[in-house]
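By written order: A, B, C and D. Residues from 1 in each chain.
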Amino acid sequence: MQEFVMKYGFLLLVFPLLGAFLNGIFGRYILRRYGEAPIGLLACASVFMSFVLSIAVFLALNDSENGSRIICNAYTWLNAGNLRADAAFLFDPLSSIMILVVTGVGLLIHIYSLGYMKGDSGYYRFFAYLNLFIFSMLLLVLADNMFLMFIGWEGVGLCSYLLISFWYTEKENAIAGNKAFIVNRIGDAGFLIGIFILFWAVRQGLAAAGTFDTEGLSILSFQFLEKNISLLNGIELYGASAATIICLCLFIGATGKSAQIPLYVWLPDAMAGPTPVSALIHAATMVTAGVYMIGRLNFLFAMSPLALGIIAATGAVTALFAATIGCAQFDIKKILAYSTISQLGYMFLGMGVSAYSAGIFHLMTHAFFKACLFLGAGSVIIGMHHEQDIRNMGGVRKYMPVTFAAFLIAMLSISGIPPLAGFFSKDEILWKTWESGHHILWLTGLATAGLTAFYMTRLLVLTFFGKNRGSKKDCAVHKIKESPFSMTMPLIVLALFSAAAGFLGLPEALGGFNRFEFFLSPVFGSHRGASHESMEYMLTAASAIVAVIGIFSGVFFYLVKPELPARIAKKIRPIYNLIYNKYFIDELYSFIFVSGTGIITAVLSAFDRYVIDLTVNLSGYILRLMAHIIDWFDRRAVDGIVNSAAGITLIAGAYLRKAQTGRLQAYVMLLIIALAIGVFYKAIF
Amino acid sequence: MGNLESIRYFAPEGFLSVFIITFLIAGLLRRKTFSKSSFSCIAGTAGLFLTLILELCINTGYPDAIVIFSGMLKLDALSHLFKILCISSSILLFLFSYSSRETSDSLKEPMEYALLILSCTLGMMLLVSSSNLLMMYLSLEFLSLTAYMLTGFTDKNEKASEAAMKYLLYGGAASGIMAYGLSLLYGITGSLDYSGIHRFIAENNSGIILYISMIFIFTGLGFKIAAFPFHAWCPDVYEGALTPFTAFLSVGPKAAGFAVIIRFFYQIFTVRGEGDVLTVLGSADWPAMLAIISALTMTFGNLAALRQKNIKRLLAYSSIAHAGYMLMAAASLTILGIVSVFFYLSVYFLMNFGAFLVVIAVSNEFNSDEIEDYEGLAWKNSKGAFLASMFAVFLFSLIGTPPFAGFIGKFYLLLSILQPENPIYWLAVVAVINIIISLYYYARILKTMFLSRRQKGTALSGFERGQYLQYSLMAGLALFSIIFGIYWSPLNNISMLLENFIH
Amino acid sequence: MNIEIKEIVFISIVLLTIAPCSVVAFSRNILYSAFALFFTFIGTSGLYFFLDADFLAIVQLAVYIGGVLVLLLFAILLTKNIDDIKKTNTISLRRSITAGITVLVLFFSLFFVFLSTGWTPLNGGAAYPNGTIHELGRLILSKYLLPFEIASLLLLAVLIGSLVLAGKTVRQRED
Amino acid sequence: MEIITLQSFLIVSLILFLTGLYTIVSRKNIIGIYMGIELILNSSALNFASFSRFAGRGLEGQVFSIFIIVLAAAEAAVALALLLAVFKRQRGIDADKLNILKG
């Protein structure tokens, strides 16, 4: 088994790539000739193969006694001087869980898309992108070195861009795609700089340890880094410890990809893409890349408590911040998007307090219930004929019972109602936060849990209960019907998982064994502190109670007294507006960046045209000034040479008159001025 | 090595010279045959192919550099690799000219056109291997003069003669300044040979005059690669010249220019010490100069490209920016720097020629080079989709997105300035910022092509039988841009030949 | 006395070289500029005699004056109507002021650098009392044979190219 | 005081060089600009010859000067040919009017 993985593990990546390739190249032809079925089948089959292989990997890892780490080295990618990078894939408990989630949820979403995308003219394109995404995500997760990981990192960004603007005909989608791409690129730049500094720092460390020849050493591979991480001790960059700077740079990358403050703005807009995409990329998998990266590099982050603190704080603040916004949104997908941001904040909180396995646990459960919620929302949207505003919904429960049931389970799970999955994972993060002594962050997390329960209930109630508020002519009630089986089946499966997955990580305090943490312990080590069982019981109870309160207040406000929220909103109008408009962060950014960039661009494009004139005019101005002085001097002192001074003034005046610029000679002028500056500088110094 | 023994090693250039003369005589005798543009193009391509084969056969593998013609030329890995690059770009120029309607319509004298291209190639080949100031200056002028004439070589396009005139006057000024700098360098060292100058500088302290002569000389070299204060001719000439020639100009002569820069600075002003650490020889800190110019060049090129409306102009500014990136590696004072310049140039060869080929194909259709004519190109018909997706590959590669070759190239360049022996962090930061800026204008083209269904410009014709050369060239370049992004070891191994370029 | 005469001749030749430069740079009449350039070239040729470069002086006279300058005159006569010749070579004021400042900066920087640099004569300054033609011929046909041949190819290419570029214009004029 | 020294030749050629630069930038007539280029080349040739006489080894500098003169002639031929082409289009040889290409 292990040898199989070692030899053929790379096949896991080959299948989706093949699928993407075939659909991308021949899809148009197949669609015209044979219809949609072969395309969907091909796409699903390729992901299914990967899923099977993922299970094989999982089993192989469970078998293995020693080390729990299998490396599949496909080929030496590059061996240039002192840089070596292999196309090698790392299979360990962490990556095996990730690939199970990616291929498993991915497979369900592929199946769901069969129904969802039916009749779309870009059917083959959609599946090609989706397969390409699976490939990139697997590359990101399985990469054995930073270099390869970065390629996957860029790849998922690219696919996300392609898929957000999938319906490119609408301007809004295209803009959203661009926004996602650009914001992500900002993060990526940080990530790339982080990699470079890491590379540099390890090289410095090796040199300090007496190893100058790094030829053939794959120094960016995780194995090498983990083993030699102590090399970074004492390496400094601009006065700060290199580890901290590297971690912060990498974290900037993570905030971009995982939509954390301050780079979260792209995610809500990304909901413009098709709903399966939102479920797969913008909820379950890609956005968790940042969390995964931190987990993968936990040994590096462990060296910088400062960076960890910043990560925890950012996570907690993001969680609360996004949850408040979620309370005042009306677009069903936007609410889910903000909830995703909020839950990602949880995961970062977990990572920041070194509760890595808890963070990854939440990542997994979140993938299940959030995918379920998104797919449920998609089902509702399709049922309501592309209506996304929850104010125009209501009463859908009667028409779509399966969707409702699945949605309800997932919603209870995310709200943290025991014994559903979300409860255990969230609770574990909160408990670890408390245990690590960050009590304020714990409180933030708790408040977020309450808010989450509240706005999720609001969403559920407004969508599924009450009377249908849709205008009759747009979506007549009688037309709403349950989605086809290909769409409900994934919903059911995901709902089951979001209900039951929690028992994998049942904490010991509750009589469980926490298999999850045990399984991950080769990667993260065992973090079992002294047991405070009574404390843990109390906190667990607290979070459950908060969740229940949240749900009840949600039910109270939106089901029992539906007129109340509007009244309250009216009373606290300014605050409500602030939240409703998402704290005006988008406007702020667009003011700072977009208009700022616009101005800068305008100035800089004028640079080419005007800089030479500017130089010319400046010297003209100086000359005129001199001429004035001479003029004044002339009139006062020497009467005889007035004429010449006037002549100079005249020259300067004529000079200031806007003459036609001869471009060519202005070019040469620039050249000569540069020459003069260079020579003058060298002659003086 | 004396003149007679050298001829053996001079076979490619010698063959090309003889070919040029034969071509001329045959062309004069058989005026009619040669006035068909297809015949001239094919004959010229054949000549270049033979030259390329000779180059590959005769000068393979350089355990030691060979100095021929009493020190005029030096044959080593640098000259070998860059010669191959230059000859290939000339071959592509022929093929492009053949497939461009703009060229074939406007060329009344294909024989002379072919002759000038061949001469231009000869100039480049001599330029990259010359190791004597006189030879270098002569072949630089050879290249420049033929380039001026080729720029103005059309009578349809009224911009061409203006562009050629500007090119000539600017180039004349730059080369005059360079000649003055060469005279100063000769005055200091009393020698024209690179080796002689190297020896003199190693033994004597020559003061600031050395730096000043270097600044003057760099004017001419910077003009050739369009580095920042000497870049200004570039956009005008690129816009005015025939598009195939513009494509050539942005790759071939630029590669030759880089070869000269590397040879000039690394062969004369550098010593290789223990552990392959390079150090500057003499009083002039040229890496700092190159680093500053590189930062300015890339920043300027990228910023100026942001608001361009003409695709050729945009690519001109982008090529200025790319020259900046490559200059960065040249300034790194490491062996990896030299290697990565060549690596990047060969990648750049693929993606830039590819991008220009798409521009040629589109302007064949619309007779225009404005970016707005690309609107909705991807959705017009299957040919539009093909052109747009090819363009997308080249643009992504130019941006430096994985898995395209441009990414690897940029990675090498960045790696080279972060080498522990001589790291320049600020330049790396500037470069990364620049790469991000460049994203904007490339993405704008992509957006125009893909994200808009509004179709501007006239309708596209379908695939034409006569243009299959063009399509297959395009697909080949795109294929290699992707292959080298995933599996670049071959290219890497070839570039690594440059490791022993400095002894 | 003998030496003094030599120096006086030298100074006058220098003046003959430099003084017309101002006409080249400032005259409004392009023909005057061309004639001034003629004197500058002659002056330079004279300077070459002082440098014991007799062959170079002859080449200067033959190529520059016989070739380049005649080409320039042709260019002037082919492109301008003779009646407005007085305003043929105007100056852009803004540019000339900036250029003046820049050039002055360059002049002073380089002036002092040139004076302060110790130009080491490597062989005490070589004089060729018997003329340089013999030695030059040997050099060009041995060490510099390749550039010599390449230059001939270059001239061939230029010949062809200029014929096409100019011939096209002339042909179109006839149409 | 010795007058005929290397320095005096250098300064003469420097003046020629800078006048050339000035001419290139300030003239409006293309032929005028071209005269500036000729001045620069002339000054470089003079420089080479004087270095050859005072500081060189042998006559290499003079060889360079000869090549500069030859190249100047070649460039003049190209310049004239292009000038005619430009003149035909623009009906004038004002460098400032070469402004179709800009931006």
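Keep this in mind: contacts are C-beta pairs under 8 Å (C-beta built on N, C-alpha and C of every residue); 3 or more make two chains touch, one makes a residue touch a chain.
The model shown is predicted, which means the values in this text are computed figures rather than measured ones.
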_Based on mean C-alpha positions, I'd like to know which chain lies farthest from subunit D._
A
_Using the stated contact rule, I'd like to know whether A-D or C-D comes out ahead in C-beta pair count._
C-D
*asked:* Can you compute the centre-to-centre distance for subunit A and subunit D, using the mean CA position of each chain? Integer Å is fine.
replied: 60
*Go ahead and note the Å separation of the Cα centroids belonging to subunit C and subunit D.*
6
_Chain centre separation (subunit B, subunit D; CA means) in Å_ = 27
_From the mean C-alpha coordinate of subunit A to that of subunit B, what's the distance rounded to whole Å?_
39
*Provide the list of subunit D residues touching at least two other chains, using ranges where the numbers run on.*
21, 24-28, 33-34, 36, 45, 51, 55-57, 60, 63, 67, 71, 74, 78-79, 81-83, 85, 88, 95-96, 98, 101-103
*Pull out every residue in subunit B that's touching 2 or more other chains.*
134, 138, 141, 145, 149, 152, 166, 169, 173, 177, 187, 190, 208, 212, 236
*Where does subunit C touch two or more other chains at once, residue-wise?*
92, 95, 98-99, 102-103, 106, 110, 113-114, 119-120, 122, 144, 147, 151, 154, 158, 161-163, 165, 168, 172
*asked:* Please classify the inter-chain touch graph. Allowed labels: line, ring, star, complete, other.
replied: complete
_Quick check: in the complex, which residue numbers of subunit C touch subunit A?_
92-95, 97-99, 101-103, 105-106, 109-110, 112-113
*Mind pulling up the subunit A residues that touch subunit B in the complex?*
76-83, 150-151, 154-155, 158, 165, 168-169, 174, 177-178, 181-182, 185-186, 189, 192-193, 196, 199-200, 203-204, 207, 212, 601-602, 604-605, 607-608, 663-664, 666-668, 670-671, 673-675, 678-679, 682-683
*Quick one: which bits of subunit D touch subunit C in the complex? Just the residue numbers, please.*
3-4, 6-12, 14-16, 18-19, 21-23, 25-29, 31-32, 34-36, 38-39, 42, 45-46, 49-60, 62-63, 65-67, 69-74, 76-85, 87-88, 93, 96
_Residues of subunit D touching subunit A in the complex_ = 21, 24-28, 33, 94-96, 98-99, 101-103
_Contact footprint of subunit B on subunit C as seen in their complex_ = 110, 113-114, 117, 119-120, 122, 142-147, 149-151, 153-154, 156-158, 160-165, 168, 172
